[in-house]
Each structure stands twice: as structure tokens, then as C-alpha cells.
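Below is one structure. I have some questions about it.
Think of it as A, B, C, D, E and F in the order they're written, each chain with its own count starting at 1.
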């Protein structure tokens, strides 16, 4: 049964600063398509402008995944080149969400670059639910800056953390 | 082991009039990602402006697939709504190639419409090889009209058939 | 109080073949912004490929507007150049919905052409609800062709008529 | 006559650093469509990279508006979330200029986010005059950096101020 | 001095049905950049939906060029594949105007296809004057259909002919 | 023979940090179209975030051009406004490469701004080879950051220098 196993692991890389409902929708959809889904969180640090540390982001996604009982999803830090990460975890599939048209430019460049670096890895593009398509992490960060209400754009666990951040500052 | 089986069949729908090297590149790539790939050929007829009849297109793709020994790929006529076709063949995954940006508009509308019609079916977008990204079936048809050399844009079997068409007219 | 009156009439032109939920969403939104909204239905005929005659389309929109009690909306046939229609009805505002990016190209050309023809008329672009943004009349017509379920893309009155059309054919 | 009054105030938000001829063209056009237009100047400071302080930008726009006798236009600092600003000023309409295609991505996200935050506020998109469509504030700032001639891209009052800035540095 | 001669002829292909002010602006600009410019008029016939016969279009462009004293521009019928036409006329440069973004998709495909057919021929893209960027031949044809005023979109010679067409019908 | 000389010099401006294979492909193509091609290297400094100093970039391009025996290409620092640089060097043609769609927005604004500053200078857009279209300098810089293999994206001389940079850090 090796054939069935060959593509059973997919990697969904991103910054997730913070994870939006759009990100979580994509995780849920991809989890149904593969035996195992690895959410790979890019190791951008607060020093370099991130809202949450990489560890905090990993933790939040893990909590949300546990709450949703997505048992075939794991969360890891993406601390190397994506193609090397995939190889290390035995995955040949990269999942990327595409919300808007300009996304594609960077996505296409990345995907073709990755294919050049390792021709065995394919990038597959998925769409989030249409009523989440405009939700972006940067828009959430902007709402936080102006004390706007972000609760309809993030999961409850993330909303909770964001409230704590706002109270501190 | 039901889990491993659940997403093992993917459907790649299109008109393939004629199949280009870009189409064939995508078939080869998708064949590596799934246990079974069904190429679903839309039943547009010569009456409605197609260059080849649906049967001819199915036959050409089958020959090319046999020549390439892609044993897990089959070719079928797409004679119903795509979501019904998928259900009938036990597939939850639709594969679509995206070459250029304006493709996305129609592709997004189709994918969201299909999701509305059957929420269990996901559309995944793949990229053909970058040096085939500009090859389109309509460009090949235009080359035929002006007696241009189409041999670097289609597979040998398709090129053969196109020559016969040109000789007739 | 002439100032308050000056821009109180807006025109929303289109083919509406058939009216989708996206069209109706836009009518409802625009009705809140102006004293009077005129839905201007382009006089494409069934001979020229329309699904419904212009009269049928006008009638369906009128019924839906009556059902929704949008008392400040009227429906007219657009049988002349848009700028002339606007002048005749004392309107200086054209409303257009934009769903997708490629829409803009034609929309921009039209709007700049209309401005050249009559510099007093402004075109304003609005967005339909995000969960209707992918619904297009052509997608609905395609669903009809393949016996797909169009009921979640059109209003009940339009759905009713579409059923009658399908039964006939 | 409450109906006539309901949408008589529109808000045109932006950074205006500096106001270009394209911005001013849009102010002039929007002023004809509404009883009252509020130009809302985002409070980005020189510390955060702005060329002019928020106060200077407000002052320049006010002078230009006075010179053009646009008596129904006022200029305010935008120091809160846009939807809150609109509510405070009794406006349900946000006006945004769209010059180029990539503008739309951010504009759509913003507009849909604002609609989520307050469903009563509509964003309307307008086009500047076609011969001003390529003029952007960032291009003007780049011209200043390289001592280029910016006089055909900004209003005389802004040009005057820019000359003073260049002389200082 | 063979080097100076090597790229002195450029080809500007199109349908020109009818020639717009945008087309003519591009002819004038390109004429300044090359020793010789050949306007290559695609041989679409009235049978196939063209407004003017190929001969009429050639004639109108010739008259306009004579009136403007563009002595280094000639007009020819494009009756073969573009790369063959270029070879026959000793040209290695194809000029194409780009007005809007969606233009590029077809233009890119065409240019890459032509490069594949003859690697010595380069396609160069130019922009028409910004206040003509929205003028398209199809918009002019639409204006004619609805008796709109097309005089500010075409040259006087074309306007004259269009009037005669309208009078006939 | 003044006519033949009039457009014999073209300028290809850019940052080239570092020069990619896509850049070099464009230099080679443009060198065939003009008597003289000047590669104009923008004087961004390492202080302002550049990977290589302007001098290093100029030197690398010169070496590569010498190796390829492109005798009609010279390399200069672009230390003034582009239109002034062109005037100083007697050139009326600016060459720009276009890889992806979003490029055009900035390119169009730049080209129209330059035309306004000096109406005699035309910008011509060229396409790099299709299998280099996704290679960008920023992608190369990202690969360096993550210790990825950049050798298939840059020329050997640039690859050499990049290795030295990586060894240092």
C-alpha cells in the first residue's frame, strides 16, 4: 500500500501573525485532503516587527487545532528553507491560500523557485471560504493599532491573546 | 485504512482542444500526487466550434498517456455538471491549471460555485512548467489557421493529427 | 433646498439576464444612498442570445423590488446611449457593481468614455456583499445549460421563471 | 424632507502627503455629488516618515479648497478608525479614488472590513481625470528626492511648500 | 555602418477597425524611434464581423499618415503569420501598444509564441498618451451602434467615413 | 545619415542588487536592438539596505558583459533623475523589463511621469526569456538569507561574489 502513502503529508507554511479565520478555514479544509498536515510557522521574531513571538503563534494554532479536534494536523517552526523543511518531514506538497490577485505574483515566484530548488515538490493553491477572503493578518494588526473590533476576523483563542496585548499597551 | 483512500482520486477537467504540452505537463505532475487521476474532457462538439470532436480528443489523450506509461490516469467524457461527475467517480478533488492572471477570475468563480453546489469538493490550482506557461489551446488553433508551426506547443500525437487536419482543408 | 435635490437620482444599468442575488444586493444598497434609483435594463433581445426578453427581465426585477418594498426604485428599459438616458431622467450618477478585477478594465473604459460624452455624469463603483461576489449571470446561465441547481444564486422570483424555462426545453 | 438629507455627507479619507492634482480633482468631483464633503487626513507624523506634518497637510488642503471656492468641503484630521469617524460626523458614505488595478486589493479589503465593522457605511469608488491617473503622492516624493520638477503634478499651493522644503534641505 | 541599419525597420500590427486616436498616437511615437515603420493591418473581412474592409482600413491609415507627413511610415496588409511578415520585410522589431492590464495576457502569449517561432524577433511594448489610454476600437464600434458621438475618439478622416456608414444604415 | 543615428542609444536602468539571469538576458536582447546600450545602475547604498555597493554592482555587470563580448554595452552609475541621465547621454529610449503584472503599475506611473518630465523620451517594455520570468533579485536575496542554492538564478560571476558574502557572515 505504499502508493496510498506517498503523498499523504502536506505542508502549509505561513507567518500567522496572527492566525486569522481565513488561515484556520484553510487548515480545516486541507486537513480533510491529506493524512497529515503540518502547519509551518515562519520564525519571524518580535524584534523584526512581528506582533507575537514564533512560540506564541505556534502555541495559539496548537490550541485552536486541539479545540477543533483536527487530530491529523501538527504545528512546527519553519526554521529552514521551505524545500528543506518539506524533505525533512517527508512531504512533497506545499499548500498555499490565495485570497487576492496580487498574492499570485509572489506565490508564483515562490512556487517556481521552490520547484527549481527541488523539482519533486509541488505547490497547490486553495481558496478560503469566500466570506473570509478579504481577512488578512495585516488588516487585523491595523485594527489593533486603532482599537478597532477584530473579534469577527480571528478565532476566539487569538482574540483572547490580542485583548491581553491591547491591555498591556 | 479508509483515511488513506479518501482523497486518492482527483479530476482534471478541461476542453483539451487540442491538448497542449502545458496540459500534458499538468497531467504528469498531478499523476504523481494522487492514486488515480481522471482527465475529464468537456463534450464540446465540432458543431459548436471545436477543432476536434470530443471522441478524438479523448482518444489522443489516451494514446499520449499510454505512451508515457502513466498507468494511474484515465480519460473520460465530461457530460454532466462537474460536481456530479466528481461524485459519480468518488472524487473530492478538482485540479485546475493556472497559466495567467486573468485565468483566475473564471477559475475562482467556478471553484466557489462548485463549492456552493457541493461543499465537499475542493479545487486545487497547480502551475505548469514555467516554459510552457504561455502555451494555450487557442494560440495553437490560431497557428493552425495561419499555417504556423505548432510542433513545439503540442505532443507528437496531437501534432500528427493536426497535420492531417491541415492537409484535408 | 435645490442643493439637496441635485444628485438624488442614480442609474444602475445592466443586462440582468437574469438578475442574480449579487445584482439585487447592489440594488438594495444603492436604494439606501439615493432618493431615487433607476434600474436600467439593456434591451438585448432573445434573438441576440439573451435568456429572457428585455420585457421579462424588467418585469422580474419590478416584482422583486415590490416584494422587498424598495419604494424608491424604478425599472426602465435602457434603449439609448447611457449618457442620454441619464440626461433624460435627470440623473448625474451611474452606479456599477465591481465583483472581480478584470471587470474594471471594461468599466474604466466605459466610465471614461461616458465622462468624455457628458462631463457632468460621474460613475461610482460599489461592491456587492462578499459572499455574493462570485455570482455572475453567465455562471447562472451555464448552470441552467447543465441542469445544475441555481437556486442559491438568484432570487425566488427569478428561480421560478428559470424552472419554467427548463421545463419547456 | 429627512430622506433628502440622509446621505448628504461623504467622507474622503487619505494621507495626502502631499495632495496631488489627482486628489484635488477627486475632491472637486465629489463636492458636486454631496451636500457636504469631509476630507479626512490620516494623522501620520513626520516621525513616521511623512513629508509634511498632519497639520501642514490639513492647512494646504484648506487653502486650496478656499481658493477653488468649494464651500461645501471641510478638512479634518482622521484620528480614529474610519467607521468611527464617519459615525461621529453623521456620514454613511466613504469615497475612495482608484487609479490603478493593484489599488483595488487594499481598497476591497478595507471596504469589506469597514462594512463588517459598520454595515451601514458604503464605500464608493471614483476615478480621477484620466490624465491624472498616474500621479501618485509617492511619485511626487521620489521627484523631490532627486530634484525633479514636480510642478505639473501638484497644486500651486503645494508646489510652493515643496519648494520651501527643498530649499531648507 | 551596417550596424546602424540592422534594426531600422519596425512593424506595428493590428486590426485597426477603425484606427483610433490611440492607434495614431502610437504610430506617431514609433515613427520617431525607427527609420521605417510598417503598419500591418490584419486582413479580417466584413464577412467575419469587421466594420470596414481591410482595404478601407489600409486606405484610411494611409490618408492620415500622408496628412501628418509621417514620411517613414508605410501601411501593408498582414496576410500571413506575423513572424513571416517581419522576415519578408526585413524587420526584427514588433511594436505593440498596451493600454490596459488584461491586454498583457494575450500580448505576452503572442510575444512568447512569436519568439518561439522566430527567436530573432523582439516585441517591444509602448504606451499611448495617457489621455487616450481608454480609447478602444471596440468602444468606438459600440458608440456607432447606439448613435453616440465618436468624434473625440478617432481621427477626422475616420470620423468622416464613420458618418457615411451611419448614414447608409 | 543622421536619421540612422537618432535612436541608436538606449538606457536600461535598474538596481541590479544583484544582477539576475533575467536581467542579463534582457541586456543581451536589448544589445541586439541598439547601437549602444547603457546599463544604468541606481546608486542605492548598502546603508540603505542594498546587498552590494553601487560600485560592486557596476563592476560585476561590467565583468559579465566583457565575458559575453557585448561590445556595445556600457555600465554607468545612475546618480540623477532618469530623464536627465538620458539627456546627458544622448538617449531617447528607456528599456524596462516586465516580468509580472504588478510590475506594470509602477512601470506605467514611472514611464508616464518621465514622459511628462521630458516628452522626447519613450519607454519600451521587453520580456525576458519565459524560463527566467520568475527570477527576481529580491527572491535571490531571500535565498541568501536562508542559505538556499541561488546558483541557477544568477550569472557565475555574481554567484562567486555571493559565496564570498555568505562566507563572511
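Keep this in mind: a contact is a pair of C-beta atoms (placed from the backbone, for glycine too) under 8 Å apart; a residue touches a chain by one contact, two chains touch by 3 or more.
What you see is a predicted model; the values in this text were computed from it and never measured.
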Contact steps required, at the very least, to link chain A with chain D come to 1
Note the rotational component of the Cα superposition from chain C to chain E, reported as an angle of 0 to 180 degrees in steps of 5. 120
Looking only at C-beta pairs that count as contacts, which pair of chains has more of them, C-D or B-C? C-D
So which chain is the furthest away from chain D, centre to centre on CA atoms? B
Could the interface between the copies chain E and chain F be described as same, meaning over half of its residue numbers are common to both, or is it different? same
Could you tell me the distance, in whole angstrom, between the mean C-alpha positions of chain A and chain F? 35
Averaged-CA centre spacing for the pair chain F and chain B, given as whole angstrom: 39
In chain E, residues with contacts to at least two other chains: 101-102, 108, 112, 130, 134
May I ask you to sort the chain touch graph into line, ring, star, complete or other? other
Which pairs of chains touch one another in this structure? A-B, A-C, A-D, A-F, B-C, B-E, B-F, C-D, C-E, D-E, D-F, E-F
So, in the complex, the side of chain E touching chain D is made of residues 101, 130-131, 133-134
Touch list for chain D against partner chain F, complex: 100-102, 134-136, 139, 143, 146-149, 152-153
Quick check: in the complex, which residue numbers of chain F touch chain D? 80-81, 83, 102, 105, 108-110, 112-113, 116-117
Contact set on chain C toward chain D in their complex: 1, 3-8, 29, 32-35, 72, 92-93, 98, 101, 104, 108, 111-112, 115, 122-127, 130
